[in-house]
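Each of the two complexes below includes chain A, the first together with chain B, the second together with chain C.
Here is the complex of A and B:
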């Protein structure tokens, strides 16, 4: 180096020193701008490649349900599938299930997006095709769902409606499944209602006795802002998607307006005395005085499974009321429901062995008027024998020692008390846990009680069994 | 054919972004927010086209604003990390070289983004899943590290007694804590008390605070120093080793990506952490890594919004553009990546052209006058966007910024302090502290 040497970086004389005493540069370490130019060219080539990929991948790129894994929790994905169940609605969300060739996935749409979908009449129904963009949630228990954030993220292609019959759907179901996840219109008569905790299943029946379930989610009333008003024995035309539950076909209703009433059929009006086997499977309208109501418990819980109603006397066919149907009754009807009321109801006749029954199916057609009924008092218990079995009695006496409760493993005991009359005669009082646990007071030896109940066999002797808690009255 | 128009939109964005980047104190987010208002007012404007304009602007800003840091000494928080070496180069007549090295750092970060783009949809969702549950303690850990890792400044005069050495050791740390505390208090107030109408809350609080923390103190310091900018050497050769460039780029990318992923962490803090963890040293590495971190912080964070499966909303531009357009498809992602590549190359060319121009004209002017002019522009912009209330916030923030300069403590303490209230909110205790402070 000579003293004339100039630092190429700062332009100052270096006096022969390396690195430059002014800026510290060692001229051996250098990069030309050409290197940056090369990088720019590579970047442009890559950019052009990515631009080509942009052109080649236009539109959403849906993923397969089977490819959803735990690592995709919180990921945003596109999916394009067929709706196979739903919609299930609540006050703040809407959900439905979709399926592709590899599996099923639940789609959740929350407020306010779901309200927009309702307002725009874009709620997906079974059979529709949807292309959805949303955030996946994959939980530790393996369950998965996709959450949709905006109405624009749900692209809906409505399914075409096919006119068919219940018989055709059922006959092809176990072979070709021709109507699975198709939107169909069928005609049928409402012949039953099965209430579930989150939905109601109406039974549609054609003239040949073929039946098809119509699933109506309770949340639909949030979407509709009203209750579904269809009645027993109405012939209706229903347009809905055919989904599957438990291996059987089910129509999934999406809109109350998709049910159109064609005809109101009337039941056969008969008196209770004229009931015979020719009426089996037919709907009848009967009336009478409720003389006894018996709550039948669920063996695995304290819940009531059904109520058996005696109309007029012990000889007429019992009316069977499923507890789920009972809970559908309006409050004022339930308040009147009890001994003494005058009832008019529509039910379906069935036969159990040689005994006829009237099943008070849903949607319930039951009207009640208040009234009273008290069976005559039996003062001498010795007159109540097994020959009186299934007859209605009223007894009054004092509880004395000697009763034997029947214990259950997980449930409270059924109670057996011994009731003594003024003549010193005894009769057993059998109170099931279903009734006893609903009583406002307990019973103990020494209590004087008045009981209305049916005569039944307990061991080798007769016993009196009250039907409901109000059948037992503690006198002192 | 329609897609080619999007490239044209991005080209327009690059030109706008480059022009605005050399205006001291003007943040690209402020202009983008105006763009959103424009798009909302005129719904016929193609949303994707508008966002492509934003992309071009952001890429240009991430690269070209190195010029204001180098020649004018005005910067935002993300450039503060590398400001000192840039200024050092300027005073050595190497301002042009410094700005180009910064551009190369940004270019390198862009190349890494291009390379990882095809695997990003498989990698980033996993990162997010791993990191999301741990976010609060990671952020608090970052704050603790930055506060406690500051090295004593006057290490040349080691005290003779243990107490003296302990005092020396805590002098810088205490100053850092003081700055952090003051900034945190300002953060608690400005982030919880609305000082302007809701529609311009960002401009009225964040922008004046950042201007006060970073740009104004530096410009004031330059104005007081009265130094003269020497003649700048314009050369096609950059005196830096390939190792420095590669190391600086990768370090900066890691730091920038960390800050892009983590809420409330700025590029500078990310760069600092990455620099410490990789042992970055020397002016070249600092400048290159600072520019790479800055580019990754801005563009990388926006990139995360476009990654298929991820669509993560991080930092200002993702939030702003989400108001106009939300990317949802692979196709849009590839378009974005292509636009970033082309915009970055274009921005780099503009950086060279503009840097040559500024290198020629800056030495002709009194740097004091230039600094005062820059200060006037910053005040005017803040007055325009934030009003008088904003100027009050800027003045308070300037006091805190000058405290940091005076004690020579870390500038990152200011940024972390200012955003610490939000971190506390994420940890679920922010509102309780605000109540104790009597803010509401």
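Here is the complex of A and C:
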């Protein structure tokens, strides 16, 4: 009789057969439980150890910008890139652009993290290297950004500063781009200001006439808690990153203290009567009485694009004031801005054909004292001819029928009226929509008006064109 | 007998219990407590996913066109620094757009779509990670239903543009102001139309910001360059320049 044995694997009787007729296990080939436990423990220790070592030593694993797609929306990733623009600051956030070999990405840092970065002086600037951990947002329109949650998620390596010149930056820009995204210190003179809605671009110029733009984001005032105070013709040393906009280099300022004033240069003081072509491109300080101001309108709106100022008389060079610069003038200066005021200003002389002009560039240097000026009245309109073109006149008369307005598709019309003097002679009155739409009253046939304006050509005849709304006075 | 008592007794207790909860909900509030009202500055991690009322002033309102959601910042009425991000998802956002459209059609004075400067009472679900003002902390408030958003739009104070742009410090942030002037420029941005308004006499100018979401309220901008308008909006600033945020079409009246 066969000896009764039990299979250690399935627990059924084997009747002495090997392997077990029920489960096929050969007990001789089984690993003992203790051995299995030891193997498992070893595997566990090795696995956990490897995982721990990986965590401890791997560090950030940056991804390429080009690998970001919609599937990575809301994903947390590490990135390690060079800062190429910014910082652009608001009241609750700051942002900057970074670039790797495959593209650019915007980094957003919100309150309160951005306040910590400011307090710790760790705001990234152009040229710095950053390693950032954050959450990606990939929008349906294809735009992308990375949001940083905590200050520890931004590791910053500040760029070394290179001393160079405007000429060197410009001469290498279109070949080797040696200074692109480098932090540099350059010396230059402030010779212009271009105000934008969110920034101001100062023009730095060296002694050879080479220029370089200095981009100052308006949001920096939130970081600094003050306004930037630099003046025209100051020679300054600027430390900033070399960024790029529209194919040209641009210094991106990150801190007002990175501008140091070295010298205050003075303009050449000249009399308006002594202006000549030798002064072209030079900065001059002139003074005179404002006898006429002409608002030049933007062709696509009723906004003013520039103001042309006549000083003393029609023979002196016109002063050209861009509206963006006009808006930078303090309130009290703007209130005095008009005919009769005594002006002292600094501008740059330029030439258009044979005509000299003085460009009142920014940061504006203009002081005004109140005063009055009225040109003498021309009683007989027949004496105003095309030979008087571009001269200043004062006329008084009654509006009679015959004017032809010029209609525009999306804007109010420019207006043409016909004025008749006491002798029955007529002259056209040309009022642009920029001026007319700012007048407190409208004009109609039968109105008696007094007008100060410049003589211009309208069709084949002379016309009088007022410069600002207050040049037209409704007498009755 | 005992089973019958148990059966009818159990039924009676169940009915009584439900009736009690119903009565409690509508009167005594012994068990069914009122939804608590909290301040933004009082939010703690223990309130994570709770159901609360928060009343605050909207300082930023944006409709996100790409996913039809509404995002806002509101702050405590007595503390501008206690701020929370508020989110309303697409279904309910579409509903309040429709409600606003209907309101304008009916000339009802009660706004349904929020704007900067509004006083909002929100019943919603806060998400709190860390403290509201703690570094690394994160707070957000979700509005789950359109009915959970109550809007009070303060009446606007009439001012001159000159006064507004020369002395913005004389007004509260996001205070609603009313101005009158002539439109001299209009331009589009990615999420708004910006009108420049000129004040006759003072020669002062300011910008009006009309969020693009207004075009979903059943009307389009009728005012054009050269028109004189009377406009209300919340005072805000763009890099130091004062501007008005327009809330809805009834904020903009074309005078001629």
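Heads up, the rule we're going with is that the second predicted complex is superposed on the first by the 421 of 476 C-alpha atoms of A that agree within 3 Å, B and C clash if a C-alpha of one lies under 4 Å from a C-alpha of the other, contacts with A are read in each partner's own complex, and residues count from 1 in each chain.
One rule holds for everything that comes next: contacts are C-beta pairs under 8 Å (C-beta built on N, C-alpha and C of every residue); 3 or more make two chains touch, one makes a residue touch a chain.
Quantities reported herein were computed from a predicted structural model and do not represent experimental measurements.
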item: First (chain B), second (chain C), both or neither touched by A:446; value: neither
item: Touching partner for A:330 - first (chain B), second (chain C), both, neither; value: neither
item: Contacts of A:140 with chain B and chain C, given as first, second, both or neither; value: second
item: Partner chain in contact with A:209 - chain B first, chain C second, else both or neither; value: neither
item: Partner touching more residues of chain A, whether chain B or chain C; value: B
item: Touched partner set for A:10, first chain B, second chain C, both or neither; value: first
item: Which of chain B and chain C A:26 touches, first, second, both or neither; value: first
item: Touched partner set for A:402, first chain B, second chain C, both or neither; value: neither
item: First, second, both or neither for A:303, with chain B first and chain C second; value: second
item: Overlap of the chain B and chain C footprints on chain A, listed as residue numbers; value: 150
item: Partner chain A, residues of chain B touching it in the complex; value: 3, 7, 89, 92-94, 97, 100, 103-104, 107-108, 110-111, 114-115, 117, 125-126, 128-129, 132, 231, 233, 235-242, 244-245, 308-311, 326, 328-332, 334-335, 337-342, 344-345, 348-349, 352
item: Complex contact set, residues of chain A against chain B; value: 8-12, 22-23, 25-27, 29-33, 36, 39-40, 42-44, 46-48, 50-51, 53-55, 57-61, 71-78, 133, 150, 153
item: Chain A contact footprint on chain C (complex, rising order); value: 66-67, 73, 133, 135-138, 166, 182-186, 196, 198, 200-201, 203, 224-226, 238-241
item: Footprint of chain C on chain A - complex, ascending; value: 92, 112-113, 116, 139-141, 149-151, 197-198, 218-219, 221, 298, 301-303, 331, 410-412, 433, 437-438, 440
